[in-house]
Structures are given as structure tokens and as C-alpha cells.
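Each of the next two complexes has chain A plus one other chain: chain B in the first, chain C in the second.
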Partner chain A sequence: MATNMISKRNLGMFMYLIFVLLPIYWLLNMSFKTNDEILGQLTLWPTDFTFDNYITIFTDASWYMGYVNSMTYVAMNLVITLLVSLPAAYAFSRYKFVGDKHLFFWLLSNRMAPPAVFLLPFFQLYSSVGLFDTHLAVALAHCLFTIPLAVWILEGFMSGVPREIDETAYIDGYSFGHFFIKIFIPMIRSGIGVTAFFTFMFSWVELLLARTLTSVDAKPISAIMTRTVGAAGIDWGVLAAAGVLTILPGILVIWFVRNHVAKGFALGRV
Partner chain B sequence: MNKVPNNKAWWLVLPMFLLVAFSAIIPLMTVVNYSLQDIFDQNTAYFVGVEWYQETLRNTRLHDSLLRQFGFSFSVLLIEIPLGIVVALMMPTRGWQASAVLILLALPLLIPWNVVGTIWQVFARGDIGLFGWTLNNLGIDYNYTSNPLDAWLTVLLMDVWHWTSLVALLCYSGLRAIPDAYYQAAKIDRASPWAVFRYIQLPRLRNVLVIGVLLRFMDSFMIYTEPFVLTGGGPGTSTTFLSQTLTQMAIGQFDIGPAAAFSLVYFLIVLLVSWLFFTTITHMEKSDNGNKHDK
Partner chain C sequence: MALELKDVSLLVEEQCYLQDISLRFEAGSFNVLLGRTLAGKTSLLRVLAGLDKPSRGQVFYNEQDVTGVAVQKRGLSMVYQQFINYPHLTVWENIASPLQLAKVSAGEITRRVKHIADMLHIGEYLQRLPLELSGGQQQRCAMARALVKDAGIVLFDEPLVNLDYKLREELRSELKVLFKTRETIAIYATTEAHEALALSGTTTLLHQGKVLQAGLAQEQFAKPVNLYAADLYSEPPLNVFSASVDNGVLQIQSPTSLADIAHLCDLPNGQYQFAIRPNHIYLQPNNTASIVLRAKVDLAEISASETYLHVEVSVDSDQTSLSWTLHILSIMSFRSGSGIDIFLPLEDLFVFDLAGKAIRWPDTHSLEVK
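On to the complex of A and B.
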């Protein structure tokens, strides 16, 4: 009976994975087709295999700079988020201070603001401080929802580290900074991996703010993609290739943090 | 863990606070400002007080999209939470399979939202998309660009595809945190799989489920990019959710005042529902702990 149950489980898992992968496969399939084939008939794999769609993207600076821009602001956001969230999460996990509960709820409430109408104020704010169309503007704006999540996740991991470790370190003569960087951070490595993953994820997939705060120099790839819709209809092949390329950085990131994620998920409460 | 009262901890929180406040409070105040004025252009605005708030109470278009929004968010939660738990229970627990499944499941989460819309826009088409084509060939009359119900179901299916993984990953982490001893005890007691789930796994999943439900509620309530790319809100208004209605008002018709007023109402609705949910759960937790002590 046990083996029967395991195979049923595997079958269910397999079916769900097919459901997850099929739409992605369809995009990948389309990116290797010519437009004639895409619109002509339904084919399960490219009969007229071509790299043209990818070549279009890699030879045109206005295309591939979109990826560079997106990665730049995501990386900046990741660094800023981790730098300010680590001490804040430590404070939340170790100390009681005036307004701590309210502050925590206020932080989370920032995730709930509807983006649509807040776009205009964001545009005005970042224009008035001279940051419009810079990577920093997008990175700072994304902090609005990455920092609350990062603090939340890190706080969970840090609460799992016993206080005695802090106290022993202070008795041994470590200063706070020294202890934090040399001892504490290595102990919550997995937590930082998980946090980095989620921070990357939410910043990478966001479009509205990134598009509103940029025009030319820092324009993200997801905004550039909309120009495949031209007068002659949609250039499906290039659109699909661009879409596939937006998935790749995510795969790389999760590949690097996969052990942390598996282990980190097991340790923290996330 | 016992926390030490120490107000100096504010110094650790301060950089984070300033950074978030910069992006949170100034735009919020600007929106409050809009909601109280009638704005013609950058230099001409009249103070109108609560007029826009009164108007939002009468605006049936907003009410319709609010109702559609609630319907959609609850459908999303009703499907994604149970499905996420089931997927998490089916996930392999160790070995390379565990890593592989973890990575594959995370894929939809890492795709930019407009690309998600594009993927489903193509995938669900009757002529060139595998999904729509298969349905049509099975004799099901399916066309998401002309049939409102099909469009709504497609948006829902897309959201399930996109976000169930998040619930599954959260639940997976919760399941991994259950010590083996619990399962051994259940084995000795010859507990049925259902009993194991109901009395060991589900209670232990509560914390991650709270996070999952909150995140899914907030994000599905603000959904904009995916349906905008997939259906453009149509056919008719069948998939025009709240964010899109507000954007049309604010940017399309330049009715910033009413749009701002309603966004604030909208913000308060999300805040209220989240808060109610949060307090109910923490309350349940407290009474549960109380019962344990009684025994």
C-alpha cells in the first residue's frame, strides 16, 4: 500500500509539473519559429528551426540594454535592501522598543498600496529630486515592497538563533559590528539566501513602477518588449525570444541559491 | 524568545525606516492631496473637500469592479491555498528530485508579469495556442477574446498557474520544519494519513498559511499587469479589475481626484481585511495555546 501511495503522489506531482511547464514550453517553442510558422499552423515543435529572433535581440543595443538596465536596478535594489534590512531585522528579533509592533504592521501595509494611482505621485517625487530615468530611482521605489518582505523573512531566521550566542560573543569582547559581521551573518547564511531570492524575484517581475520611473537611459526590458507590437501586427517570434530571455536570470539565481533555499526553507519559518 | 526592552534599537531600524518612509509617506500624502481637490492642470486646482468621496459612493462603475475584484480574489484564494497545500505534500523531500522540483516550481514566480500575460495570451489562443487549440479540438467552444466567462476563467487559470507555486513553496518550508519524532509518534499510534494531515501537518502549517493567504489576498487584489496584457479588461468589462478601472480614471480620463479618493478607500479595504484576518488568526492561536495549558 505504501508504494502505491508514493506512486500516486509522484503521478500527481508529475501532472502538476506538466501544468507548470507547458505554457513555458510553448513560449520556448515559439521563440525558435519564424513568424510565418507561428501564424501559419499549429506545430508542437519548430519545423523551421531558427535563431533569428535571438539574433535580433543580441545585435540591437536598444534591445539588450533593456536586460542590462533591469539587472542593474535589481542588483542595486538587492544590495540596498540587504544593507538596511539586516540591522532592522536584528532589532526586531532581539529588542522591544517604542512602537515596534506598529512599525512592523506599517511596513507590511506598504505592500498593500494599489500601484495604479500611486504612479503619478511616484513620478513627481522622483522627478523633483532629480532621479527620474536613473537605475537608482527604480531601485529605491522597489524597496517599498522588497524591504518589508526582507525584514519579515530575516526576522524569522534571526529569532531561530539563540540569544546566548550574542551574549557569549559580547563577553568574549566582540564589538557589536564585529560580532554581527563575523559571527552572526554567517550563521544565518541560508536566511540571507532565501531573502535574496525573494527580493530578486519581486523586483525583477515588477513592471509598472519600473516603466513609470524611466524613459530612455534606464528603461527595463519588460517595457521595451511592448514595442514588438507594431503597425504590421505583433512580432510574435521576437516577443517570445525576449520573454524566454527574461526567464533566464531567474533560473540562474535560483540555481545559485538552491541549496540555501532547500536548507533555508527547512530552518526558518519564512 | 524573551526580548530585551531597549529603545536604542531604533538606531538599527532608522536607515530602513527613512528609506521606506521616503517612498511610502510622500506619495501617500500626494494622493490624499489629490483626493481633496479638483485638478484641471498643473497650476489650477480647487479644494473640493469630501466631494470625491461622496461621488465614489454613487459611482456604479467602481462598485461593479469592486465586486468583480472580491469575486476574483476569493476564487483565487479558494483554489490556490488548497492546491498549494496538496502540491507541497506531494513534493519529494530529499535528493536531487527535491532540488529539481523546487526549481521547476519556482519558475512561474520568476517571470515578469507582462511576460506571464503574453505567455497566456498566446497559449490560450484558439488558432496558435496549444491550450485553446486543444480545447477547441475537443469540441469545447472556447474563445477568451469574445466570451466573458472564458476570459474570466482564463485569467483565473493564469493566476493559479502563476502563484500556486508560492503557496506550495511556503507550505513545503512549513512541512520541512516538522520534526521526525511527530511522524514516528503517529506511526506508533497507527494514525491514518488523514489524521496525520489534520492533527500534525495542518496545525504546523498555520504560520506559513497566514503569510500565504495574506500575500495572495493583497497581490490578487491589486492585480493589474497580467489581465491587462491578456485580455485588456475585456470582453466588455468582464475582466476589468479594480486597479485597471482606477488607472483608466486617473490617466485615461484624467479624473485624478475621484481616482485618488477611491484608491484610498481601496487601500483601507485591503488594510481592513488583512487586519481582520491577522487578528482573528492570532486570536485563534492564543485560545489554542490556552487550551493546551488547560489540559
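On to the complex of A and C.
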């Protein structure tokens, strides 16, 4: 009786889990099949198990350079965002200055504009200053969206640290820089983790700006994946393998910050 | 070795936090700042620490003007009301951090941290993080960090408020012992009169950013300069009534002669404010000359072995009724609304003029200091 109750209760969750995981399983499933099998018949698991799709990606520069490009500008974006937003958020959380509240809100309102709006100005500007098709171009364009978000999240976490900690540190003899690095940053490290996660996620999945501002040298993986229609039709297996490899970094990152994400979604104000 | 304030004022957004404060704290002295919330205690400490710059006036340390000197260079320490420790560092690292910054040698750091931690009874918790300690231990850790560097000035901003009663008593008496042998200027802010009396240092009474009175707590308790000062030392608040004196007779409902009362007999004619402590009003007549008043019981609060009795009294002939509190040292129950007689011994009356300035104090021998 008891076991019946439990299984009944778990049934809904079990079905939901299947519903959620099915597309991911299917992607994984496809990535180990040959194109013939994918197009030929419905199989629940690969009957003709193959690593060829992955081998193609790791040996063909036009594929793996996509990952390298994506990771390069994501990393650049992450570094710039943190370097800019940490001091900015500290200023917003600790000091009063003219227009601080308006400026702070304006930062958030930046997030209300869809990236497409900035497509044309960025394209024209970066083309004329020679930034077009560089990693820096994409990183800088993404900064427009990630810095405001990072400032908002970090400000929330920083305001959770009592001002008396700053003062105690000065009284103890810390200089500002020493205090910031030795005391303050370790205290908000989960906030920094969450900020890094959101910044990474935005930059990693963003397609429109990344595709428009690059052509060959800095072309991201997501753009490559949308252009795999060759003369022989679509290469389903390789595409699936590329998809699997694209979600892996996300899974890794979310694993590290899983305990802090909820607080991050509330912009640190929990 | 002394810390001195000269005409210090602090204005924040047009609001006066401190007004023309001149004080001198001597080396090796334990000083108490007593005042209600918003009296300016914290503002004063922050100015002393150099965290806020005074709008006017100067701060001198060892006869040198330190008004604009950075906090880091002041060589002082401070303990806050909240338990402020670096949460990601262990207790040992917390206490050692001011020494490490002062470039003290490693052996010396180990010795001093151990010494101060043992003195404050946190010696066995050195490897824990502050949040793994109880509230009292967290505050001990903060105190250890403040004391370890042997600063010339140690500021305490209501350090015991967030602790429970027993811990407070314990830490307070330890503090007294700790500072007995030091050449340090300790300044301790508190809202509680009994704390000032227990610490028995030089006490400065603050009210609305101004110094009311400076001196020994016992003296202030016995001879407050005005009603505010008297009220600071009375918990629950003083019971005050105004009445006129005419040829040595107190003009109340039942006119009472003041002739035999040492400190009241020569009071010139006029209108005065009289005040009496809640614990000096009795429910039975005793052998001293007393004012007898009819009162109506509002509420009796019983706490452990004491009763706080809230009553409505009318003293004047115009029948304005006053809310008073009686502090009775036994358990008594009353029906609210019932009428009782209360007895106010004349020898316990404080006299203030209408502006609140003290004129006469009861003789000290009749005061029982709690």
C-alpha cells in the first residue's frame, strides 16, 4: 500500500522528468548515430553506435574553431564585465552622488532594449573602426547587456555586507585596495559566481549580435551550427554532436553555482 | 596622552548631530557616554574614530590635531553594536589581522593572539569561523580584535546591547578588569544608566547632540543638572508634577508643609517642577513626611519579584491627570480602575525650575543606588 502511494506520487514527477529530458536524450542519441540511421528508421538508441560525428568536429578546424571563438569572446566579456561592474556596484552600494538613483535605474532599463536594436549601430561603428570580425567586437557588444545586469546583481550582494565591516577594516589598518581584495571580494564570492554565471550564459547563447559582428575569424559555434546545410543536405549527426558539445559548458558552469542561482535571480536581494 | 575634542559640531544635511562638544579623555581612563538613542553617541564615536569629519571644531590626540587624519593612521580600535567580524576568516585570522597589517613578527602575533583569546575565553575556538560561534563569543572575537593591537584608544558603541542579560553582566565586569591595568583611553557608549553606574567611569551625558553633564556617574545619579539628565538615570521614567510653593507650603490638593525637610524648607515662593523616582513612591505610609495622593490603577505589570504599577494621578487643583509609574519591590496585584493611596516622601523629591534646570536634590543618604 505504502509503496503504491509513493509510486503514484512520484508518477507525475517521473513523467515530467521524461518530458524535460527527452529532447536532450534525443540530441545525445542522434549524436551517436549515423546519418543513415537518423533518416532511415525510428530507433530509441543507436543501433550502429559511432563516434564519427564527434571526431569530425574535433578534427575539422571550421568546426572546432567555432568553440574556440565562442569561448574567447565569452571569456573576454566575462573579464571586462567583472572588472567594470565590481567597482561600479561598490560605488552604488556605498556612496551617494548626484543622480545615483537615476543612473542605477537607467542601467536596468538598458536591459529593456532588444539586442536587435543595437545591431545596426554596432555593425556600422565596428566596421568603420576596424573591429569587425574580432572577438573584442562581440565581447564589447555583449558588455552593453551584461554590465548593467552584473552591476545590479553585485550591488544587491554588496549591500548585504554591513558598512561597519568596511569601517572595521580601515580601523584595523587596511587600505581601500587591500580591504577590497582581501576582505570584501571573498565575502561576496557567491555573488561574483552568480554574476559570472549570468554573464556567461548571456554571452554563450546570444546569437544575433555574435553572428552579425563576425564573418570568418571570430565566427561563434552557434552561428556555425545554423549554416550546416551542405551540398549533400543537412549533416544531422554532426549537428547533434555540436549541440551536445554546446550545452556542456553551460552544465558545468551551472553545477558550480547551483546553490546561489536563486539569490542571483533575485539580484542578490534575498 | 589624552584625547581632546574642541568645539566639535557635526551637521548632516542641515541636521545637527553634534553641537559644540568639548571634552577631554585622559589616558588610562574608562569613559562612558550615556544618552538615549539619537542623542549623538554614535556620531561622537565616529568623529573620534575619524570615520566622520566634524563640520566644525578639532580633535586632538596627544596635543596634536588629528581632525583630518585617515582612519588607518589613527591607531585606534572600535567595537560595534552588531557583531562585526570578517566572516570568511577564522577567529585566529580575525584577531591576527590588525597585527599582520602592522607587520608584527609571526611569533609575536601567535603569542598575543593566544593571550588575548584566552583572556576573553575564546582560546579553544580559534580555528572556527565567526558564524560558528554563539553571539557572545562573536562579540568576544570582535573585542579581541580591537584589544589585541594595544591601541591607545578603544571605542565601544553599545557593544553589549545584542547580548542576553547574563552574558552582558559577565562581559561588562570582564571589560572593567581588562582596562584596569591598561594605559588605554576607553570610551563606552550606552543607553542604559545602570551600565554607566556599574562601569563607574567618567560619564558624559548626551542629549540631542549636546553635552548635558560630565563627571562621575554616581554624582550625576544623585545630582542631575536638569530634568533630561535625571530622566536618563531613571528607568522607568521619573514621575514629574508641577506645583507652586507659597511660604514653605506646597500648593497641591492637600497643601503640605515643607518646613521640616532639609533640602526644601527654604525654597522661595514660586512655580516649580517636582520629580520623584518610581521606586520612591510607596503604597503604605512610612515614618517620613509624605505627600499623600489618590491614584487610579491603570495596569500592573509583574516581572519576576517586582511590580510596575501604572497609575493616573491628579496633583493639581485643575485636575489634569498625569500618568505615573511606580516600581514596587514585591508582587502585588491590582484591579485596573481601582483607587489607591500613594505616598511620596518629601525627602526624595527633586526640584527643577520650569525650564527643567535642577534647583534642589534630595540628600544623598536617602538615595539607594540600585
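Some points to look at:
Criterion: the second predicted complex is superposed on the first by the 237 of 270 C-alpha atoms of A that agree within 3 Å, B and C clash if a C-alpha of one lies under 4 Å from a C-alpha of the other, contacts with A are read in each partner's own complex, and residues count from 1 in each chain.
As a convention for this text, a residue touches a chain if its C-beta (ideal position, glycine included) is under 8 Å from a C-beta of that chain, and two chains touch if they have at least 3 such contacts.
Source: prediction; values computed, not measured.
The superposition on chain A brings chain B alongside chain C with room for both. Applying the stated contact rule after C-alpha superposition, one finds that A:Leu17 touches chain B and leaves chain C untouched.
By the touch criterion stated above, A:Arg9 is placed in contact with chain B alone, chain C being left untouched. Contact with chain B, but none with chain C, is seen for A:Pro87 once the two complexes are overlaid on the shared chain.
Of the two partner chains, chain C is the only one that A:Thr168 touches; chain B does not reach it. Within the superposed three-chain model, A:Trp236 lies in touch with chain B and out of touch with chain C [touch as defined at top].
Residue contacts after overlaying the shared chain place A:Trp255 against chain B, while chain C stays out of touching range. Of the two partner chains, chain C is the only one touched by A:Pro186; chain B is not. When chain B and chain C are set side by side, the one touching more residues of chain A is B. For the overlaid pair of complexes, the smallest distance between C-alpha atoms of chain B and those of chain C rounds to 9 Å. Within chain A, the residues touching chain B in one complex and chain C in the other are 162. Partner chain C is touched in their complex by these residues of chain A: 162, 164-165, 167-175, 178, 183, 186-187, 189.
Of all residues in chain B, only 1-10, 12-13, 15-17, 19-20, 22-24, 26-28, 30-31, 34, 86-87, 89-92, 98-99, 101-115, 118-120, 122-123, 127-131, 133, 161, 165, 169-170, 172-174, 176-177, 193, 207-208, 211, 215, 218, 221-222, 224-225, 242-244, 246-247, 250-251, 256, 259-260, 263, 266-267, 270-271, 274-275 touch chain A in the complex they form. The residues of chain A lying in touch with chain B in their complex are 5, 9-10, 12-13, 16-17, 19-24, 26-27, 30, 38-39, 42, 44, 80, 83-85, 87-88, 90-98, 100, 103, 105, 107-122, 124-125, 140-141, 143-144, 147-148, 151-152, 159, 162-163, 201, 204-208, 221-222, 225-226, 236, 239-240, 243, 246-247, 249-251, 253-255, 258-259, 261-262, 265-270.
For chain C in complex with chain A, the touching residues are 49, 51, 70-72, 74, 76-78, 80, 82, 84, 86-88, 97-98, 101-102, 142, 145, 149.
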